[in-house]
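Every chain is named by a letter (A, B, C and D) in the order it is written, and numbering of its residues begins at 1.
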Amino acid sequence: MSFEKLRELALSVRNWGRWGPDDEIGTLNYITPETIAAACRLATTGKVFPLGIPLGRKGPQSGNRARFNPIHTMFRDSGDAPKDEKGVIELQGYGGADDWIVMPLQCVTQWDSLAHVFYEGKMWNGYDISLVTSSGAAKNSIDKTKGKIVGRGVLLDVPRYKGVKRLDPGYAITPADLDGTAAAQKVEIKSGDLLIVRTGFMTTYLERADWSGYDSDSSPGVSVYTAPWMHKKQIAAVAADNYAVEVRPAEIPIFRSPFHACAIPNMGLTLGEIFYLEDLAADCAADGRYAFLLVAPPLPVTGGVGTPINPYAIK
Amino acid sequence: MSFEKLRELALSVRNWGRWGPDDEIGTLNYITPETIAAACRLATTGKVFPLGIPLGRKGPQSGNRARFNPIHTMFRDSGDAPKDEKGVIELQGYGGADDWIVMPLQCVTQWDSLAHVFYEGKMWNGYDISLVTSSGAAKNSIDKTKGKIVGRGVLLDVPRYKGVKRLDPGYAITPADLDGTAAAQKVEIKSGDLLIVRTGFMTTYLERADWSGYDSDSSPGVSVYTAPWMHKKQIAAVAADNYAVEVRPAEIPIFRSPFHACAIPNMGLTLGEIFYLEDLAADCAADGRYAFLLVAPPLPVTGGVGTPINPYAIK
Amino acid sequence: MSFEKLRELALSVRNWGRWGPDDEIGTLNYITPETIAAACRLATTGKVFPLGIPLGRKGPQSGNRARFNPIHTMFRDSGDAPKDEKGVIELQGYGGADDWIVMPLQCVTQWDSLAHVFYEGKMWNGYDISLVTSSGAAKNSIDKTKGKIVGRGVLLDVPRYKGVKRLDPGYAITPADLDGTAAAQKVEIKSGDLLIVRTGFMTTYLERADWSGYDSDSSPGVSVYTAPWMHKKQIAAVAADNYAVEVRPAEIPIFRSPFHACAIPNMGLTLGEIFYLEDLAADCAADGRYAFLLVAPPLPVTGGVGTPINPYAIK
Amino acid sequence: MSFEKLRELALSVRNWGRWGPDDEIGTLNYITPETIAAACRLATTGKVFPLGIPLGRKGPQSGNRARFNPIHTMFRDSGDAPKDEKGVIELQGYGGADDWIVMPLQCVTQWDSLAHVFYEGKMWNGYDISLVTSSGAAKNSIDKTKGKIVGRGVLLDVPRYKGVKRLDPGYAITPADLDGTAAAQKVEIKSGDLLIVRTGFMTTYLERADWSGYDSDSSPGVSVYTAPWMHKKQIAAVAADNYAVEVRPAEIPIFRSPFHACAIPNMGLTLGEIFYLEDLAADCAADGRYAFLLVAPPLPVTGGVGTPINPYAIK
């Protein structure tokens, strides 16, 4: 039953072959030089909103599903700096600091690549999942999107539309909610848009100054039934301020992430997670402009299935 | 002798206190909403040039100075995906891939933070270097620049100006070279610009398809004597396609990186390294437009002294 | 008050200079070829008890004090193996698996090096703590003990002596407890012994099959006032089945780990933590032999301040 | 031709099923309490020879086959220690150092697990290779050998037998060489022995104080044709002072590591690599005793396919 329900939805949004048999970036193809140029024209005041959360030891990961928070230390620090002229000569300078990081590519504000989620033994565009091994994803890896993730960003601030601080845990955002919010905000969704959905979920943890539970608590998020809506709207990518874009717990028994299953391997839709939206949302509410230039370059990790990002919304 | 020569230069460009005693971002303060909005107006065609090199096991680091190339593997891959319906139910889905990376923050295309280089026991703005320990930089860390690195990018393509494919190893680019190139390109350097200097150095390694030597070979780069020029021009940041922006070997005996010592701890100038410039440079030569919107968001690593980036030049 | 109390204890057990001004291994000097040969004679039946806990994602670290559980993945796995003869020829074989690990050196069963804990700006033997920088410990690092940690192991099973399954959380094991246990077990502590104290603390977590709380709960452990006893007995090293050898919470207000402060930087005593003792303890109770050959080689990490180990008790 | 030659050898030494269908440790089963007790009796003088090389940034790995040298830095160092009484109170002590390491499990002195090498889609004891995924080896992992790697060690010092400092690069040690060396050394190989073959190969790099080339140069090592000899002798494990135990280049065209292919997946023989043997070999030559107690505990890495070790030879 659940299997069939998911399959019906998945097939209804499937875009395999739409951009040729060799495509590896899916709906990012909706972005064109024209949409980018138009998006740049939205940036009239030079205000910049960085949407990435800090990369630090205190972060949203509790260790579930192998994900941990970034671990960062130094190769060289002030203790290694030369103490006198002799030391300066030996080290050829006054010293400095070098550092390094160990991190899951899915641990902070991020884009999922189209190799991140499988469906019935296949990935986006019908590639076999055996192409993803311990040495990386031979198809649909994040580096294929290297120069692609920039365009018109549109924020849909659903809780503000509904007059609440944040949506309730477990609330599934419907297509009607998205349409209603867009209408109230007087913004139209266009082909190639980078859609950003605010649920308010992150505010709970920001207020507490404690991320505990963020990755496992019940969460508002988009309904699996918004997949056809996004398909029809020709969204290029969708992001949110919760852990997984979609609602938790999920709406189709058995599946933890049915929206992912529709969006990533079938529609070829790039998902963005753990976006910090509070400053941007306040500014949009203040000036009534919910569309802007969004620039969110991935790190081109060879064979990677995700990337940490710090997207800039520029108005 | 060398100590005095460096000190004279360093003091001549020192900006300590210019933006108050608590400043941690230095010359990025030259960027304003107005310069950003003006930069966005340069992006008229929607062409995007990603300037980040791949993050992979074959990269520019040979292990010198503790830096290595990114190491990337999977937590989950296709081998871990469920084999049948029972497995799907247990795993609550059809599986997917998660991955992780270990990397120095200085190993690929990057911004240096203002805590990266020390001078006579101090960092940028006069902070004591003891603020940089194994647990991170308490001042001048890269996360302080979180929403700051976007503006007008200007490419100065020095080898093209000089009519050569690439500058010779060890060639020190002078202020006259920079002025000459700008004049030939009909572009004016303005306060708040993100200056990108092309040396052609990377082409040697790109042609070979082998990075060996990139981090240790003699290299063209800016002369230490361009520091006063950049100071006067009020450059916000400077980046290049070589390993260290500056020429190697350096021009002041003893010091390996005298330009760094002037720029980072004294001027407060953010440096960008290992930029991939070939496609951008070809396009600028073709259309004669050497100024563009540059968006290069840092990853906000708490206490970090650098960040990998994938800057977008948008024309 | 607390400062003075700790200082009095610390100075009473201080061994600085005892083995010369250049010593870096402290009480491990009590071990001699003779004590090793005698210990080997104790191994008469060939029974082996491995005392190391598993290195896996589910382990005793909750993230406190920067420590996490080992992270282990593959560079190559079965998905990368060749599929046919052509592939075998290309890869020069039928494939295989390579893996890697990221781990704190203090995250599982371990030895602390003598650079692990500081006291009033100094380390063991009076070395200044500035010798420990981000690039490692220039003195007292674990690699100095490379061939040293083997000898006569003696288990003191305190809960069994007291007739309880495990000591209560917060119970501080006294010198009288140690003497009483040794007498009841008919074993004599000798110079150069590797003393293993069983508290039973780990059994709580083993029974639950869940390490949660192991690193932060109140715990039985040795009293800070056992330091003089160990000093007098000329113990070479001491280990236990709890997180920190010593009792938690500690007995001297202010200090989290006063026994560490006495033992490591002052006495030069090597500490072993998170030892799995259940099988060994059961066997000792069964045959009444509480002394055995203990072989616990450190990994010789250059500049390291600890090492994961899998000690073998051989009877 | 090569395929058949390897298959003939492989099948001639195959031990699948010998210790039951569930076995995961292969020839380590030859070790018994009796052989261990007998080995302990060989340790009469208490001399200890640690056979592990340092774990540091300068090591034998050049980056070939994804292996790199250990990377080690600090979470806390002296720069993080409290500066005054107030700081001591805040930190609950005088500070200390914690560190961490990132390392391939095959990068230093090591044991390979029986999941390390595949043969025709299978592992040791006939397990399918699909049991080895990015999340680890479900069968034949190194943690299965947790309490098993201790016994009688026998050094066969082949270059000393042949009167040379070191064997020539590419020299394949034959069964006759092994027999000749044993006879000259007056030592008999017994069932359950941990055989250590000295080739002298490491001396080249030790003399240079530079590991460059150690992992890729031509190397002396055991011939693939010694596999039947080891099979017949019932060796429990074999180790050497070169990179791969076996000779390089290999003797069967096509295959890079034919001895591995016979030994690990077919015979179930544990291999040890990069053993430091110089001090031990000198001592054996001096006293004429080539048999000793060898204790080489693996780190019990859950699902691991190898482990770094620091074996102790005790005489």
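By definition in this document, a contact is a pair of C-beta atoms (placed from the backbone, for glycine too) under 8 Å apart; a residue touches a chain by one contact, two chains touch by 3 or more.
Small disclaimer: the values here were computed from a predicted structure and weren't measured.
Participant: Validating interface symmetry: for the copies subunit B and subunit C, is the fraction of residue numbers used by both over half? Same or different.
Facilitator: Same, since most residue numbers here occur in both copies.
Participant: Could you give the separation in Å between the centres of subunit A and subunit C, each centre being the mean of its C-alpha atoms?
Facilitator: 44
Participant: Approximately how many whole Å separate the CA-defined centres of subunit A and subunit B?
Facilitator: Chain centres of subunit A and subunit B, defined by C-alpha means, are spaced 25 Å apart.
Participant: Going by the contact rule already set, what residues in subunit B reach two or more other chains?
Facilitator: Touching at least two other chains: 57, 66, 71, 73-79, 100, 102, 130, 132-135.
Participant: How are the chains arranged in terms of who touches whom: line, ring, star, complete or other?
Facilitator: complete
Participant: Using the touch definition up top, name the residues of subunit D that touch subunit B in the complex.
Facilitator: Against subunit B, subunit D makes touches at 57, 63, 66, 68, 71, 73-77, 79-80, 102, 130, 132-135.
Participant: Give every residue of subunit D touching subunit C within the complex, in rising order.
Facilitator: Residue positions touching the partner: 3, 32-38, 40-41, 43-50, 52-57, 65-67, 70, 72-79, 81, 85, 88-89, 92-106, 115-121, 129-137, 143, 146-148, 150, 254-257, 260-261, 265, 293, 295-306, 308-312, 314.
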